[in-house]
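Here's a structure for you.
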Amino acid sequence: MKRKFFDLLFRTATCLCVVFSCAVLLAIIGFIVKQGSSAVSRAFLTGEITGAGASGGIFYNLVGTGILLATTFLVSAPTALSIALLHGVYLRNYRHREKITILLYILNGIPGILFGIVGLVVFVQWFGWGKSWLAGGILLGFMILPTVSVTLIERIASIPRKYIEAAAGLGLRQSEIVRSVILPQSAGGLATGLLLGLARAAGETAPIMFTATIFAGATIPNGIRENPVLSLPYHIFILAQDSYSPEVNSRLWAAALVLVILVFAMSIVALPARLKIHEEADHG
Amino acid sequence: MGKAAKLPKHNRFCAIKAASWFFTSLAFVAVTAGLILLLVESIPVWRHSGLEFITGRNWFYRAREFGALPMIYGSLQVAVIAILIAAPIAVGAAIFGTEFLSGRLRIGLKIVIELLAGIPSVIYGLLGILLLRNWVYDSMESLDILSGDTLLTAGILLAVMILPTIMTLADDALQSVPRAQRMAARSLGLTATETAINISLRGAFPGLIAAVLLAMGRALGETIAVFLVVGRQDNQLPESLFSFQPLVESGQTLTSKLGGSETNIAYGEPLHWGAMLGLGILLMIMVTALTFAGLGLQNLARRKNET
Amino acid sequence: MPNFPLSVFRICTLTAILLSSSCSDNSNRRPGPDSGLPLKINGSTTVNPPVAEAAEILRSREGLQIQVDTQGGSSGGISTLGEGLVQLGMASRAIRAEDRAKFPDCDFREIRIGEDAVALIVSRDVWESGVTSISKSEMKGIYEGSITNWNQLGGEDRKIAFFNKEPGRGTWEVFANWAYGDHHKSPQVSFPEVGGNEETRNKVSTTRGAISQLSSSWADNESVFALGIETETDETVFPTGANIVSRAYPMSRPLHLLTNGDPVGSAKVMIDFILGEEGQQLVRKHGYLALADLEE
C-alpha cells in the first residue's frame, strides 16, 4: 500500500513538472500575443521606423535580421559541412575525432557577449569596418557552428553502413562516395542543423550589439564598411530601455511577437527531422 | 559517434577533402586567434593588478581599482539560483517523459521543450522587466527588499531559460540507460517509480549531473536578460555566503558588466579595456571548466551504460 | 594524416595574408561627411528623439541616408566622433578638456540645439508622503549613503532606493557636477545602475521609495515626480521651462550636436534642419526647450 502510494506520489510530482513547463511556455506565448497582436498589421511589417519607435513599422529590422541570417547561413553552412566531413569521413583516428567534438563543445559554451567583444576589436577596429552586417553575420555564423556541426555529425554517423559498403563494393572511390552517398544522405541533417542554429542566431543580441546593428536609419547595405543593419532583437533591447512614449509599448511587444513567430517557425520546420534523428539514435 | 563508416582509402587530390580541411582549419585559427586576442588585450590589467584582479573586492574604474570578485560572486550566485530552481523541475519532467509517457505525448513534450528553448533571451529580458521584477518586488516585500532588480530576479529568469537545456540533456541521459535493465527491474516486481529511482536515475546520474553543469555554463554566459533585471550594482559582496538577504539585493554579474556602458567607455583606454577583457577571460574560464566537467561526466556515463 | 601540419601551416599563412591585407587597407576607413556614405550619428539617448525624428524627415524628404544610434550615451557620442566612426555626435553635456585631450586629432565643435535639465525624480509614494523638494546637501547625503531613509527627509519610514545613472551618461555628469562642483570629485559609490531614460522612469515608477536622476522632459509628474531643489536662499525651484531659461534651476544643460571641424555635406543639412523652425519644433515636441525659448 505504502509502495503504491509512493508510486502515485512520484508520478504526480513528475507530472506536475511537465505541466509546469508547458504552463510556462503557454503563459509566455499567451502574454506576448496578448500584448503585441493588436499592433501587428501589414503596415507594421512593411513600414519604416518613425517617431523613434512610436509609430511606423519594423520593415528594415526584418530585412536586417534577414541579411544577418543569410550571412550566418553562408558562413556556417560550408564550415559546418567541412567539420562534419572531417569528423565522419576523413579523420580515421578516434582521438582526432574526439578532439573536434570537444572543440565544438567549447565553442558552444562561449557566451555571446564574448563574440561581441572580440568582434568589436577585430572587425570594428582592426578591419576598420565600423558596424557592419558582415561582422555580425560572421560572428553569428561562428556562434551557431557547434549546433549545425553536431547535428550534421549525428546525421552522418547514422547513415546506414550498408549504403557505403554497397558503394564501395561498386568500386567507387572515396571522393565519389562522399559526393554520391554521404552528401545527399546528410543534406537533411545540414538543413535541420542550420534551421536550429539560425533560429538561435535570429534572437541573439549580445554578439551584434557592438558590431553590426544600430537603432535607426540603416536600410539595405551597399558595401561592407560602415554598413550596419537594423535588427529585431536590438530594436527590442533598445526600446525596452528607451521608449519615450506609451505608444512604443504595444509596438515593442508586436516586434517581440514577430521575433518569436520567426524563431518558432524555424524551430518547428526543423522539428520532425530532429525528432527522427533522436528516434533513430535511440533504436540504433 | 565513434561508429562512422569506414571508407576506402585513396591518396589522390580531392576538392571536397581539401575544402573540408581548409574551412575547418580556418574556423580553428579564427577561434584560436579570438581567444589569443582576449588574452593579449587583457595584459595591462594583469600587470596593473595581478591576482588582485580576481580577489579584489572593489571595482572603481575612475580610481583604477579593478577587482572582479563581486562579479564572479554575482555570476555564480545567479547561476546557482537558476540551477536550484530549474534542475528539480527539469529532471522531474524528463523522468515523466521517459518513464511514464509514450508515443505522441512524449513527442508533444519534446516540442514544448524545443519551443521553450527557442525563445530569444531579449524576450525573456522584456518579460523580466515588465513582469518578473514587479512580482519579486511585491512578493518579497516582507524581506525589506529595496527594489525588484535583484540577483534572485535574474536567477529566476535564468531558471526558465535553462529549463529546456537541462530537460533535453536529462532526457538524453535517461534514454541512454539500457531498456533491458528497466524491464528486468519491473519483472522483479518493482513499481514504475522504484524502477525510475533505482535503475534509471542511478544509471543516468552522471549524465544528469553533466546536464546540470552544462546548463550552468549557459546560465553564466547569458547576458541580455540578466542585464535588464539584475540591477547592475557594483561591489556587492555579502559577509556570509549562507544568508538569503544578499539574494534580494541588486548585484552585478560578469556578463551584465560586459554588456553595459562601461564597455564603450573603456574602449581605447588600455588598462580599463584590459580589465573588461579580463572579465571576459574569467567568464570563459568558468564556462569552459563547466563544459569540461560536464563532458567528462557524460563520457563516464556512456562508458558505465555500455559495460 | 601525414599532411595535417602542412595544410594547417598553409592555411595559417593564407589567413595571415588575408588579415594583413585587410588591415593595411585601413587608410580610408574614416569616411568624410560628403563621401557619399551614409551620415552616422551616435550618442545621448536624451538628444536622440528629436534628432532621430529629424533624420526620418530628411530621409523621406531629401533622400538622405542617416543612421542614428545611441551607444554609450553622451560619452559614447563623443568617443565615436573622436575615433571618426560617426560624423555627428549627440551629447547632453558640454565637451570637456579631457575629451579633447583624449582625441587630439578631433576638432570638436558644439552646436547647441536646445536646452534641458536634469531632474531628481521620485516615485509616487515619496511624492505623496510629502517629500517634494530636496537640498544639495540632502542629495549628497543620499549619494554618500549617510541618508538612507525617507523619514530623515520628512517623509514616511521607508528605505531610499537610489538608482544611479550609469557612468558615461550626460545626465550623471551634470548631476555630479552640480553636487560636487566637478564630477571627478564625486565619491566612488556603488548603487544599482540604470541606463536609458525609459528604463529609469520605469524602474523608479515601479519601486516604492525610489529616487534617480532623469532628463526633466521625461519627468511626467504622473508616473514619476520631479523634486524641487532647495537653494541656499531657502527657495524651492522646480525644473520648469521658466526656471531652466532663467537658470534658476541649477541642473540645466545644453543639448548638443557635435562635429569634427566645420560641418559639411549631409551633416550640415541635418544641423541646418534641426536649427530651423521645423527642427526646433521637434525639440519642443519632445519636451525640451528650443533655442528661441532661451532668449525670452
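When the chains are written out, they are named A, B and C in that same order, and each has its own residue count from 1.
Note that in this section a residue touches a chain if its C-beta (ideal position, glycine included) is under 8 Å from a C-beta of that chain, and two chains touch if they have at least 3 such contacts.
Everything quoted here is computed from the prediction, not taken from an experiment.
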item: Highest C-beta pair count, chain pair; value: A-B
item: Far-end chain from subunit B, centres as C-alpha averages; value: C
item: Between subunit A and subunit B, centroid-to-centroid distance (C-alpha), Å; value: 17
item: Euclidean distance of C-alpha centroids - subunit B vs subunit C, Å; value: 34
item: Numbers and ranges of subunit A residues touching at least 2 other chains; value: 92, 209-210, 240-241
item: Interface hub residues of subunit C, defined as touching at least two other chains; value: 71, 195, 199
item: Contacts with 2+ other chains: residues of subunit B; value: 21-22, 26, 30, 129, 267
item: Subunit A residues touching subunit B - in the complex, by the definition given at the top; value: 3-4, 6-7, 10-11, 13-18, 20-22, 24-25, 28, 31-32, 78-79, 81-83, 85-90, 92, 94, 97, 100-103, 105-114, 117-118, 120-122, 142, 145, 153-154, 156-157, 159, 161, 164-165, 168, 173-175, 177-179, 199-200, 202-206, 209-210, 233, 236-237, 240-241, 252-253, 256, 259-260, 263-264, 266-268, 271, 274-275, 278, 282
item: In the complex with subunit B, residue positions of subunit C that touch it; value: 7-8, 11-12, 15, 71-73, 75-76, 79, 83, 102, 159, 161, 163, 166-169, 184, 188, 190-195, 199, 202-203, 206-207, 209-210
item: Subunit C residues within the subunit A interface of the complex; value: 1, 22-23, 25-26, 29, 31, 37-38, 40-42, 45, 48-49, 52-53, 55-56, 59, 65-71, 85, 195-199, 218, 286
item: Complex contact set, residues of subunit B against subunit C; value: 21-22, 25-26, 29-30, 60-63, 129, 133-134, 137, 144, 146-149, 231-236, 250, 260-262, 264-265, 267-268
item: Subunit A residues within the subunit C interface of the complex; value: 48-52, 91-93, 96, 124, 126-131, 209-210, 214-219, 225-226, 228, 238-244, 248
